[in-house]
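Okay, here's the structure, questions in a sec.
As written, the chains take the letters A, B, C and D, and residue 1 is the first residue of each chain.
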Amino acid sequence: MNPIVELAEVSKTFALGRGSRRPQLLHAVSDVSFSIAAEETLGLVGESGSGKSTIGRMLVGVYPATSGRISLFGRDITGSGGKANLAAVRRRLQFVFQDPHAALNPRMQVGDAIAEPLDIAGGLDRRTRLARIGDLLDMVGLPRSSAERYPHEFSGGQRQRIVIARALALKPDFIVCDEAVSALDVSMQAQVVNLLMDLQREFGLSYLFIAHDLAVVRSVSTRVAVMYAGSLVEIASRKALYENPLHPYTRALLDAVPRVKGAAKPRQMLQGEPPSLIDPPAGCRFASRCPLAEPRCRVETPKFRPVGGDHHVACHLVA
Amino acid sequence: MSESNILEISGLTVEFRSGGRWITAIRDVDLTLAPRQCLGIVGESGSGKSVTALSILRLHPAKSTRIASGRILYQGRDLLAVAPGELARIRGSEIAMIFQDPMSSLNPVLTIGEQIGETLRIHQGLNRADALAKAVGLLDMVRIPDARRRVAEYPHRLSGGMRQRVMIAMAIACRPKILIADEPTTALDVTVQAQILNLLRDLREELGMSVILISHDMGVISEFTDKIAVMYAGQVVEQAVGDGLFDAPMHPYTSGLLRAIPNIDRDVDRLATIPGSIPDAARMVPGCRFHPRCPEALESCRSEAPAMIDLGGLRQTRCPPRAERQGMIGGRS
Amino acid sequence: MLRLITFRLAHAVPILLIIAVLAFLLMQLLPGDPAVLMAGEGATPQAIQEIRQRLNLDQPLVRQLGTWLLHLAQGDLGSSLQLNQTVVSAVAERLPVSLSLAAISLLITVPAGIMLGVVAAYARDSWLDAVAMAVALIGVSVPTFWIAILSVILFSVTLGWLPSAGYVPLSEGFVPWLLALIQPAIVLALFQIGFLARMTRSAMLDVLDQDFIRTARAKGVVESVVLWKHAFRNTLIAVLTVVGYIFSLLIGGSVIVEQVFALPGVGRLVVQAVLTRDYPLVQGTLLLFGFIFVLINIATDILYLIVDPRVRYD
Amino acid sequence: MTDAALDFATDPPTWRHRAWKMAIRLFRHRSFRIGFGITLLLVVVATFGPLLVKTDPTAMQMRFRFRPPSERFLMGTDGFGRDVFSRFIYGAQLSLWIGLWVAVLSGIAGTFFGVLSGYVRAIDSLVMRVMDALLAFPPILLAIGVNAALGPQVHSVIIALSVSYIPRTARIVRASALVVRELDYVQAAKISGASGLRIVWRHILPNSIGPLLVQLTFVFAYAILAEAALSFLGIGPPPPTPSWGNIIAEGRDYAVEAWWIMLFPGIGISLAALGMNLLGDGLRDVLDPRLKIEG
């Protein structure tokens, strides 16, 4: 299938304490490559500081990549001409945020918030605009009368529906969902997840579904990518990743999730915490916590390589 | 029954002030905790699980919250009636508590050693040096590496997981009989969560504590606790010991909740949902509080507020129709 | 830590420079020819020309600025037009009076303002809070000069307890010095007390809402220790940010108080300078106050280092 | 609230309805109520007083010197036989006028500089450095300096005080701009390609207006006090223009014998400042987003 999103060896560093005596470089994302096909959902999982959110933001142009290449719909948004290319595809990209309270301007009526992408794109008369707001509210299952109300009159789950309606306004092809259901209660979460999936089917959307909750990711994704300390460690189809995880980190991560009615098998506890991204260690970033680590893991950075089918993994120990 | 319980909450109703009115946060909560038992309270936001936990040590903001009725018996004394001085003596020494957000729960201007040592100085009358020495031991106990150096550090130098360990060290300093943990791992990553839960399990064993664990995560509750109370909209709706709750939930809310949780061990293409949303405490629905979202609601559910029904075998439900259908009605509690 | 202090000091240099330029421009950018204004009505063109030369006003603006900054760097602020003194010596002579007044006033302001604020926050919504905040509100609403006059009528004229005017140097004894300054110092402190109390209360309320306060209570810490050990030090961090403003209020207020109580301080000097159109003196004292303000802010930053461990390690 | 089947019982409230509800919330606040009452009273006195009191505030009637308050002279007369009540009313007008202008001017300029440095990061450090430097001059001293140069006039008092309150206002607006610019809804607008102007106009300004309003009521109060102090020092609007400050200055020497000359204007200043401070306290409590979330 033709990829609509492609990342090739993308890295992002942030300068911390700029202007202070000792500016430091934080290596948030290092050498990440993957692609997303049309009408596909790629789940991107990892713990805090793994760089998953940074990737999501780079894909919609909030941060420029420090190095590497990002193409959207076949256009390179990095390097020279990147700005123009980004502007050309901007209408086809959208973003859904984690916190539905921060994602809506409290002083803006819901209708205006939903119509904001339309207003920025311009060229809509009052009647069409109003009709479009109504349609969008229908799509996310909110009454049309919501348009003239303010965000504080809605619950968290309803606000997330409003945010989704705003994201749909320009009929995008690709939406980054950054922890889009993490702030919601279980019963609300299921409703919003189902809504996202219905919309995907109806409009042929692609998602990058960023989340730390592995169970939610399993229920929405076509393929799943796992990140650790800024690097991509494994990517595979949903079934392969959950049923045959190859990277020791993926295994530990899946193992660590508490299950209703107890863990299936005895748990292998990961010790310690992720390394500092300001001065990342040489070799495999997971080596310091890896139960299987060998001396070469601490020296040599493992290559991200295919291991059969579309299963890729970055580990020296996987045959 | 009361002989065997270390803590008994009965008829607890708590109200908070909002816009000049008193609004009921939790109503008629009954819970018991046996020695060395681990009670899990599970529920979504607004269910009142944290309010219940905070009530035990009366840690609510005093100006905007009031306890309208109820008793909380700890070793025969009503914690809601003891004098402030006596309450301060119990807090931290006999009943300790840890909280959700380890980032904001530690005082930023005091060293870790000072904060842990303070508990010992208050309750065991240790001097500063002895308290600090003992704090090092406690940091070892919660598996913080390099404890001797860490005691002199300030909280902002530690990661979230480390701070939660410090909170735990502080809580167990005086070997309390009860530890209340309010969403202790919600703010943490899943691998760190596993570490912290493991630590709590070991410490509970080692110190013989009773634990009350509050969480929204059924998995955490299921793995960690041996008795479970499900709360919804300010009420306990179901209680069970062991896995019975998961095998045969006796309240439609519990059933719905369990179905709505995405499963990590199975491919599911569409999640089951509970329609509607959690009612607003300021506009509580009449009758059974779950009836507008309940697929099994009867006409009677709309008007009659159901009482807790004892099903025997330490199971209780607040759903009379289901209890009747199962033919399990025993005596009313 | 020492590096951080040097860093802050280096940071202050551009601000000091801007202040110097502002003080210079203040006299330049505003309409009207200072020389004409200074010479007074009916002055001869020669007299005006003379003043112009004396103040370098006939030079191009940039050149004037350069000269002014150069002299400033050497500690030369020019000479007063009316006093037969250099600006520096005129200010230096009066500085002890103002410093004495400021010191006593601060010694009253800080404990009173903080106590009032902490007590009000702790007893939130009670009658104690209401009384404390009413006092603070009156402090920031009643004009200083008016209360000064009323105070003189009561304590000096009617009761005869305190002198109504004049200064006694510290070298003539502590008690006479204090007696001369206590009334103006208290009057001067009222506004700052009110301001500080209101600030402290709201900062304290913020801190008392934080999770770590609940942690302290859960440990069994008694309320008074929660208040002073756990809450107050964190409040102090917030209150430190307004120390600079308190000083600015203090300096502004001392101008008025020195006038009412006839204290020969720098504030009174400024007013006289303005009334007699003694421009170099106005410029010089403004500059002096600006510099003091910057130094105070540096001192505040250093205090931050002591109070807030997060800044210390940064 | 129900969710997917969410159904609002009533029509969305109109703009007027919302304003009405906000007013009700404000008037439930005791400080706001008292502050509003005091301010309204002074505004009425300043606006309609001159229509009722026909006595010229500058007319000297030497035979009526130092008359105590009576039916004819409500607040007595001063050393030149001028009616203190009439002077009081005109003084009120001047005080409120100056306070209003200072609040408006420093509000506009402060908002401009605040948004500029809060949103356009490139010039933030420069703008804030200049603001810091300006902050180094206590308002009264700055006003003294400007008055020395411009001459003692009403507009130089207004300019001087406005300039000295710009930095504080700018800081407050900058602080909220810095918070708002990082919020997700601004990010969302940026992702959709919104221009800087749109973000400032639709997102940053509407969300900074609360703290700004609160700050400006306090500026209003400070300006009234500062103007009175300047007049008292003889550097305010020139006599014989009646100003509360200079009435007190003139009455000062007779404070014991003719107490009424300085008593009433002093009460006037205190009330005006008190009214604005209370108004500000009320606004702050009601507009404070943290309290809103709690409620």
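Criterion: contacts are C-beta pairs under 8 Å (C-beta built on N, C-alpha and C of every residue); 3 or more make two chains touch, one makes a residue touch a chain.
Remember, it's a predicted structure, so these values are computed and weren't measured experimentally.
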Handout entry: Most remote chain, CA-based centroid, reference being chain A
Key = C
Exercise for the section: Look at the interfaces C-D and B-C and say which one is made up of more C-beta pairs in contact. Expected result: C-D
Practice task
Provide the C-alpha centroid distance between chain A and chain D, rounded to the nearest whole angstrom.
Solution key: 48
Practice task
Compute the distance, rounded to whole Å, between the mean C-alpha positions of chain C and chain D.
Solution key: 22
Practice task
Could you put a whole-Å number on the gap between the CA centroids of chain B and chain C?
Solution key: 53
Exercise for the section: Return the residues of chain D touching two or more other chains; collapse runs of consecutive numbers into ranges. Expected result: 1, 3-4
Completion exercise
Flagged in chain B as touching 2+ other chains are 275, 277
Completion exercise
Flagged in chain A as touching 2+ other chains are 155, 157-158, 188, 191
Exercise for the section: In the complex, go through chain D and note every residue touching chain A. Expected result: 1, 3-4, 6-8, 11-12, 183-185, 187-195, 198, 202-203, 206-207, 289, 292
Fill in the blank from the handout: In the complex, the residues of chain D that touch chain C are 129-130, 132-142, 144-151, 221, 225-226, 228-229, 232-235, 245, 248, 252, 255-256, 262, 266, 269-270, 273-274, 277-278, 281
Exercise for the section: Over in the complex, which chain A residues touch chain D? Could you list them? Expected result: 60-62, 87, 90, 93-95, 97-99, 102-108, 113, 116-117, 120-121, 141-143, 145-149, 152, 154-155, 157-158, 163, 166, 170, 188, 191
Handout entry: Complex contact set, residues of chain C against chain D
Key = 14-15, 18-19, 22, 26-27, 30-32, 34, 37, 137-138, 140-146, 149-150, 152-153, 157, 244, 248-249, 251-253, 255-256, 259, 270-271, 273-275, 277, 279, 282-283, 285-286, 289-291, 293-294, 297
Completion exercise
Per the touch rule above, chain B residues touching chain C in the complex are 57, 59, 61, 63, 84-85, 88-93, 96-97, 99, 101, 104-110, 118-119, 122-123, 154, 156-157, 167, 170
